[in-house]
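A single structure is presented below for examination.
By letter and in written order, the chains are A, B and C; residue numbering begins at 1 in each of them.
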Amino acid sequence: MKAISITNHLGITTVAINNPPMNVLTIKLINEINEFVLSLRDDRDTKVVVFKSMHDSFFLAHLDLNVINGTQGGQAASIEFNHMIANIKAMKQLSVAVVDGVARGGGNEFVMACDLAYATENAAFAQPEIHVNIPTGGQGAVQFARRMGKNKALQALLLGNDFSAKQAESLNIITQFVPKAEMDTFLAMTLGVISQLEVRDIVMYKEIIATSIRDEEAGAELELRYFLARAKEQKTETIIAAFLKHGGQTLREAKDIQGIFIDTAAELT
Amino acid sequence: MKAISITNHLGITTVAINNPPMNVLTIKLINEINEFVLSLRDDRDTKVVVFKSMHDSFFLAHLDLNVINGTQGGQAASIEFNHMIANIKAMKQLSVAVVDGVARGGGNEFVMACDLAYATENAAFAQPEIHVNIPTGGQGAVQFARRMGKNKALQALLLGNDFSAKQAESLNIITQFVPKAEMDTFLAMTLGVISQLEVRDIVMYKEIIATSIRDEEAGAELELRYFLARAKEQKTETIIAAFLKHGGQTLREAKDIQGIFIDTAAELT
Amino acid sequence: MKAISITNHLGITTVAINNPPMNVLTIKLINEINEFVLSLRDDRDTKVVVFKSMHDSFFLAHLDLNVINGTQGGQAASIEFNHMIANIKAMKQLSVAVVDGVARGGGNEFVMACDLAYATENAAFAQPEIHVNIPTGGQGAVQFARRMGKNKALQALLLGNDFSAKQAESLNIITQFVPKAEMDTFLAMTLGVISQLEVRDIVMYKEIIATSIRDEEAGAELELRYFLARAKEQKTETIIAAFLKHGGQTLREAKDIQGIFIDTAAELT
């Protein structure tokens, strides 16, 4: 039996994780995720990949403690886990973690490897590795440092304490806290908008963002190059014509730009 | 008729933007702003430049959609717009956007090009470009990436949704939310303090900040060099003497350092 | 009489600062702090260093204004102050500022040089140097830039205004606001956990964090190298065995991972 099950719907692929008894990141689960993620490499139909857990209490518990040792097998499994994090970060599609349970250690690193992460009041996030004598091994410390700054990161890594979803949002561990009761509606709206885009749109913005964080000037040059090239496309002309026809660049924009976009989309389909 | 009108008062220049019907960034408006900004290059009397809108609903709507195309004129206008953003970022003076309406696309990029931005409950900020098939073209994605981190930036750029002033403050799109009813008093106090400084003070801190963000060690070296040089100035000796005379370096500092600064300034004028 | 007094308790060293009348950073105090910090270089027993003030109103007022001038002695003292900031930043141990009063100028720079900073409702933080014609000289502008971004940093440096502990937490000047009434309990719990670690654990995470902030890929490589090496240690095997014995990697983790850590520690001592 597979530890992940995959369903597709209108450009959104959902990966449901079910690795009893508590969604530990075993080598079996890691291999399945790696295989799936690499299979998306040339997929232009899938725009968004949602990772969610089938477990009541755990999103992903953490990396299997039985591989954290000096054996050849243990070290190889740890490296496979580390590659899984890198593979998720390198996805062309938008990756989204929907977290309704505990995500510690490698589980939290999985969450931070995704482009977006939404979490409920049942979520908990932590990197408690130092209390078993190891550092994080899937970019947990790297991401904490870059997301919350050196001081708050150092405190979180030395304490290893849990963060709630609200705290995690404020510390940039996740994108946004969403109450469980509102999650389905929130995802339908948010991912519904994004799945209308092309994969190349998502790739373009990921590239501009990554470049800009490394080097502001290089990011600005790259962005302008994309802008001038995209401005020349027939698709741009078609959309702008429809947008102008339905009240774009008029006062309707002030309070109802979403309505203009809806009317524009309706005309073009 | 000009799209911008300029007034000066005690070192503070106010640029009122009025480009009917909705403050779109047309090539006419872009050219006027570029001309004005470049005219300040050797101006040592102007310390602060405030940009505000004369429109009820819009700060700046966005870049004129009629230039977003593959024509030579369109591409040239887009590049002029991009240069305007770079010119504002390169100003010696402190640039301040006061936003009491909608600022989307190029309008939001204008806001982020300014050093400081204050906005009211009527403001809205967004980069919705991807929904007309283009990326941002005036460093919108660059600034989102650097200000809110890669995850929240990617979400904002793919959704293109509006942010309120309070949200924009928390995401570093603007410096501070200020209720409309308090804006005039707030600006008088804040800019009143800053306009007492010299242009070289503003330039010095902009340079230290930019260097420090690129390279912490280089920033620290530059800061110390400025500190040691400034410590030698007669002006420093004079101010510190007056500051000490009025209770500087005594317990009065604990609760009333502002009073000491006021007494010091009174003595020196 | 010394301006600092030092006490040790279970791996935690407390430095109480008492430099009447108002805890100004005089050359005497600076020299004492430098001497103390450098004495810790090869100390493996001290895990945490807490800096606190004996003064009712001031944590550290600021750098002595009498050294801010062009004399050889003044310039040398300013450089010693600058080295003190660098020395604190380079400490192997975890440095913690506990702030229950005013910390302006060099006092605030001292706070930001520490790894962690906790502050009460009596604290105030500011870099008002520009109003005496000088920039910050102990990385105040550098740290503001890196912690709050260029816009909020520029505003804070040009205004020189006070921030409360809550504001300072949100701007990353400090790690966390802690009400005065809860501070002792908070410190006992937090530092109690961290003082169980080894100095090399603290050094490792400081190094991974610093590397990751400069270069994400380099940070990820360094982290993995440490992870694989630490996974091989006998100490890791021993702790993981005890952790598994007490309910690690079972459902007990969901709601009581702290209890598992406590049982694990009890078994190992």
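The criterion applied here is as follows: a contact is a pair of C-beta atoms (placed from the backbone, for glycine too) under 8 Å apart; a residue touches a chain by one contact, two chains touch by 3 or more.
A quick note: this is a predicted structure, and the numbers were derived from the prediction, not measured.
Between subunit A and subunit B, the superposing rotation on Cα atoms measures out at 120°, rounded to the nearest 5. Interface residue usage between subunit B and subunit C, two copies of one sequence, is largely distinct: under half of the residue numbers at the contact are used by both copies.
Remark: subunit B and subunit C have CA centroids separated by 32 Å (rounded to whole angstrom). Within subunit A, contacts with two or more other chains are made by residues 146. By the touch criterion stated above, subunit B contacts subunit C in their complex at residues 94, 115-117, 146-147, 172, 174-176, 190, 193-194, 197, 201-202, 204-206, 208-210, 212-213, 216, 219-220, 223-224, 226-228, 230-233, 235-237, 239-240, 243-244, 248-251, 253-255, 257, 261.
Chain contact summary for the complex, subunit C toward subunit B: residues 21-22, 24, 57-58, 61, 64-65, 68-70, 74-75, 78-79, 82, 86, 101-102, 104, 126, 128, 130-137, 139-142, 144-146, 149-155, 157-159, 162.
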